[in-house]
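Presented sequentially are two complexes of chain A, the first with chain B as partner and the second with chain C.
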Partner chain A sequence: MKTDSKTIDELLKNWDPDPNSLRVRVNGLGHYYGTGDARKQVLFNNTLNISPGEIVIMTGPSGSGKTTLLTLIGTLRSVQEGSLKIMDTELLGLPSKDIVELRKNIGFFFQAHNLFESLSAYQNVRMACELVNRKESEAKPKIEQVLTRLGLGERIHYKPKSLSGGQKQRVAIARGVINKPKLILADEPTAALDAESGREVVTMFQELASQTGCTILIVTHDNRILDVADRIVNMVDGHISSNVMVQRSATICSIIREFPAFSELTASNLTAVADSMELRRFDAGQPIIQQGDVGTEFFVIAKGDVDIVIDGNRVNSLKSGDYFGEVALIKDQPRNATVLAKEPTSCFVLDKDEFRSIIDASATFEDEVRQAIFDRQ
Partner chain B sequence: MKTPIAWRNLTHNKRKLLVAVSGVAFAVVLMFQQTGFENALFDSTVEIVKQTDCDVIIFNRARFALSSELRFKRDYMNMAAGIKGVKSASPLFIDNTIALFHATQTATSMEPKPRPIRVMGFDLEQTVWASEEINSQIQRLRSPDSALIDRLSKPEFGFQFDDQSLIGTRTGELLKSDVELVGTFKMGRDFAHEGNLIMSARNFAKYFGYRGIDPLSVVDLGLIKGQGISPEKLRNRIRAALPPAVAVVTKSEFVDREVAFWSASTPIGIIFKIGTAMGFAVGIIICYQILATDIADHLSELATLKAMGYSDNYFRSLVISESLILSILGFIPGLIFSLLIFQFSAEMTGLIMLMTIPRAALIFGLTVIMCLISGFIAMRKLIAADPASLF
Partner chain C sequence: MRTNLAFANIRSSLTRTLISVAGIGIAVVLIFMQLGFRGAVESTATTIYGKMDFDVIVRSKDYLHFVDSRQISMSLSAVIKSVPGTQKPTPFYVSMGNWRHPKGELIRGVIIMGTPFGSSPFADTDLTRKIRRLTAKPFVLIDQKTHFEFGPVNKRKFGDEDIGVITNVTNSAVKIVGHFEIGAGLTANGSIITSDRGFEELLGGAFNVQKNTSMFLVKLDNPDNATLVASQINNRLPNTHNAVALTREEVMQAELTRWIDQTPLGFVFTLGVIVSFIVGSAIVFMVLSNDVTNRLPEYATLKAMGYTNYYLSTIVLRQATYLAFFAFVPALATSLVLYQVTSFLANILIQMTLVRMLAVLLLSVMMCWLSGVGALKKLWQAEPASLF
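Coming up: the complex of A and B.
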């Protein structure tokens, strides 16, 4: 994957989202089922932050707690332990009156469409409009527009019985999005659909996320739709075992795979490395490393130019995609040079232990690094 | 405009709706039947009093019910007649235990077994009855051994013919003496009496000589008609003038007293009340079953509404609406069917089966309460549970 500077700009911009604008903030969240002796913990101390406009796919074996987490975020379950904020409202101990209000900002989709058989597609969608007391005259064109956009223009007044599975699911989606929710939660939305209908549904989700900035959280086993995810959260036994920002990882990977030691890594290892890298920003003129310090980190420049200074003399400069800091880590020596940011610079940083474990996995690494060091001098 | 979910859900599946409505209608019929028979007991028992033309009734204070045979001295009637405001004071003689009667000209050759009948004697010169039908036949009662027979008397007396009008042209045997039936009237049977005969006081004295040297010296009911005075004032005036051995009440008080006796002091009234309660309980079970099934059938849809932000009050009003719809839809066929049963029962038993608006309203009220209670029980889970546990 070729990384252009625009992608990197985008990535850097969204790297550290403003904590105040987070849609979902999960902190130390635990959950239990049953009471007394039968009480069983199903979620353990989970932490997860999701930004507006982000599409998150949650996967994991059945019983891992992902649907529990989804329904907790969706206010469909009472929070028992830890903190869970959606749209800056703490759900723990929130009075049910406020929960009911909050639910109006959430769109929910299930594997089952849950439409009233006794109501037409139009009336089912209108049930959502009535919730916000929208007038019939206002609601009607809106409902017709949404249903038409979803390809149900001809079947607006059909009862669910006369619609196909995909069509029913689309009616359910129309019902869920008609009030422009800030948060959309979907539990296996494509499981009951064929590939084509499933694709339509996730395409809808993508459009919603990019157009309205709504946050979408999908629990699924369906690997056909993984490509829409901005982030993939994997759950195992009630813990979030990995939380990978797909776009970020891909971008980082495309940068760091240029580094000889990393070029041999398999895609999944590379992703793991990328995922454990931290972004650090430096101002113009700020030293990134100081000559003589103990080296504990490895740097890859995401954006910006830096000068390498040895004993006060500028010996070289590096630009985005270049890396530095590896010599001290490999040789366990103090830093042999100072690196100064020439302009506002962003670097991906990997700590020493992580770095060493990768080196150990890479047989030809020593040679390559030596070559690289040689080339630089 | 709100989508009428309650109506849609109930009426969506016609077969289920039919079952649901039949269930409620069944409970309605059960309750109507019990209250119907209970009221038939009361109505039939007091019908004799209702058919009299009077304002105030005098009777032996110890007479706890119409069917008891405690009488008072006729002298008191004469005393009452002299009181200011009294237009007429007419004695009514009633005998209902030893009066064995049967028809003699029967369709079959077998002579029927004599059965007890209620016989009422009155003074032909005085206005005793409100019924125009009886009053128009008074001339016929002047001949000796003549009597009018209640058309609703039990056929077992020997009236096995279809045309009721023929009954009044037959002869019969009352206490082993011949009696000529010269016409009919309509009063109806009750739980104690299988039929009625009306005759002149003179004839009554002849058949019921066992009452003493002068059988007409003791009176069962003293019927007082007032003039220019309210029944209550007349009652007070007579009560003040007569000794405490007799009770003096207005006609409506007498009816209430008689109903109260049957309702509270006899097992019969209580049995019917238990029956009504059973109908109510059965109704709650049926309605609960219907509503709980309906909620269960739509649980994931309703849970979705809950997840969308519909409040608990919405679901309460939804279930209340369903309950009200069910009670109305079930009440109408229940009422119609009950009317048919009333008519059939009235024909079969000779009892008076009345469907009045207050009685129908009472059962409708019970039906609504029954459906609401069931509805509230049925929706408890929907209200209490987290939406996540409902899918």
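Coming up: the complex of A and C.
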């Protein structure tokens, strides 16, 4: 994958989102079912931050707690332990009146479509519009537009019982998005749909996310739609076992696999390395490593140029995609050079232990490194 | 415009709606019939009194009801006359007898009313004129509303062609000399009017019309003074005579109390209304709670969307109200028909009144609301988290 500088710019910009602008902030969230002896913990100390416009796909075996987490975020269950903020409102101990009000900003898609059997497709969607008291004259074109967009133009006034499973699901989706919610929570939204309709739905999600900054959280096992995810959260036994920002991972991978030892890694190992890397920023003129120090980290430059200085003399300069700091780690020696940031610079940093474990796994690596070091000089 | 989910629900499950409307409708019809019967009892109980011309009545303290009036002494006439503002008291005789079919053996109970020649106990001037025909002991006037079992010539209703017909009442011969129209009431299916001497004859010596009377009808110079005059008469009535004076209102009320409260009739009808109400409520409750259960995921979805419990409750209660109104209209129509049929068959007048219509409408709405409120509990338990 070729990584252009624009992708990197975007990645670096969004690396640490402003905590005040987060749409969902889960902190130390635990949850229990049952009472007394039957009380069973289903969520353990989970932490998850989601930004506006982000599409998050949650996966995990059944019983892993992902649906519980989804319903907690969707205000459909009371928070028992920890902190859960959506749209800057703490849900722990929030009065039910405020919870009901908050729900108007959330679009839900259920595995069962749950349309009102006695209402037409149009009226079903209008039930959502009425929540925000939109005038019929304003609502009508919007409803018709959304339904038409979802391929239901001919069936706007059909009752659910005259619609196929996929069509019903699409009506439910129209109902969920019509008010442009700030948060969409979906449980297997594409499970009942054919590939084409499923694609139409996720495309709609993507548009909502990018145009209105809507945050979308999808529980799914449908790997056809994994490509829309900005982040994939995997849950096991009530814990978030991995929380991967897909774009970020991919970008980091494309940068770090230029390093010979990493190029041999399988995609999943490379992703694991990418996920364990940390971003560090340096100002112009700031030393990144100092000659003579003990080397504890390996660096890959994400953006910016750096100078390599040995004994006060500039011997070389490195640019985006280049790496440094490996020699001291491999040879267990003090740093043999100082690296100075020439301009504001961002580097991905991997600590020594992680680095060593990858090196040790790579048989041919030592030679290559030597060659690389030789080439550089 | 808001989507009328309640109406849509009612319309979409049409079969269920029709069945429940039928069930509620039957309950409403039952309520109408019970109230109709009760109303008929109330109006027939006072039919004859209603036609009689008096402001105050003096009668025995042992009086039970119109045809079981007991006897008081004729001598009380003087006491009554002594009270200022009273006009001459008219003795009035009433009892039961056995009417024999003129051309058969069929015996039927008949109300016998006796009046002295020349007096006019009834307000109707035409009847007063006819009473003058009762010049001989066996002469009687017969009520045209008397049941056809009594044997009119045309087999349907007594009329002019029955004048001159001779038959027996309690073993004494009578001759029909005319007819009138009042309606007998609940104790008998027919009534006749005869003279005081005729009355004595028909009672076969059980009643001495010279010494006793069933009651005195008293007209007042000023009918507005009835309460005052009645109490003045009461003050003067000797204790030994066991008699009491009552105003027209008191007489009417006493007759109603007698029939509605002192017989099981009123209780039976009230119980009938209560039972019908409970049956109707049970039907509505079953229908609504079934409906809520079927739509529970839909209601839970509404909650997830941000609709309040209050809004959901209004949907169910509106559904209940629709059911009440939809059931009421055909039930009212059916009841009107049944009133006619029953009036004809039972020979008592059952009439629909506006008050009764409104009361039953209110009752059926209450019935549906109560049941609706019962179904709400289920609704509030709708758990949106269970939808995922």
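Everything that follows uses one rule, which is that the second predicted complex is superposed on the first by the 377 of 377 C-alpha atoms of A that agree within 3 Å, B and C clash if a C-alpha of one lies under 4 Å from a C-alpha of the other, contacts with A are read in each partner's own complex, and residues count from 1 in each chain.
Methods note: a residue touches a chain if its C-beta (ideal position, glycine included) is under 8 Å from a C-beta of that chain, and two chains touch if they have at least 3 such contacts.
Source: prediction; values computed, not measured.
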Should the pairing of chain B and chain C on chain A count as a clash or a fit in the superposition? clash
Look at A:V306 in the shared chain and tell me whether it touches chain B only, chain C only, both, or neither; answer first, second, both or neither. neither
Scan A:Q123 for contacts with chain B and chain C and give back first, second, both or neither. both
For A:R103, using the defined touch cut-off, is the partner it touches chain B, chain C, both, or neither? Pick first, second, both or neither. both
Share the list of chain A residues that count as touching for chain B in one structure and for chain C in the other. 71, 74, 76-77, 100-104, 106, 108, 110, 112, 114-119, 123, 126-128, 130-131, 136
Touching residues on chain A, where the partner in the complex is chain C: 67, 70-71, 74, 76-77, 100-104, 106, 108, 110-112, 114-119, 123, 126-128, 130-131, 136, 159, 187, 219
Mind listing the chain C positions that touch chain A in their complex? 1-3, 5, 8-9, 11-13, 295, 297-298, 300-308, 384-385, 387-388
Which bits of chain A are touching chain B when the two form their complex? 71, 74-78, 96-97, 100-104, 106, 108, 110, 112, 114-119, 123, 126-128, 130-131, 136, 175-176
Flag every residue of chain B that touches chain A in the complex, lowest number first. 1-3, 5, 8-9, 11-12, 298, 300-301, 303-312, 386-389, 391
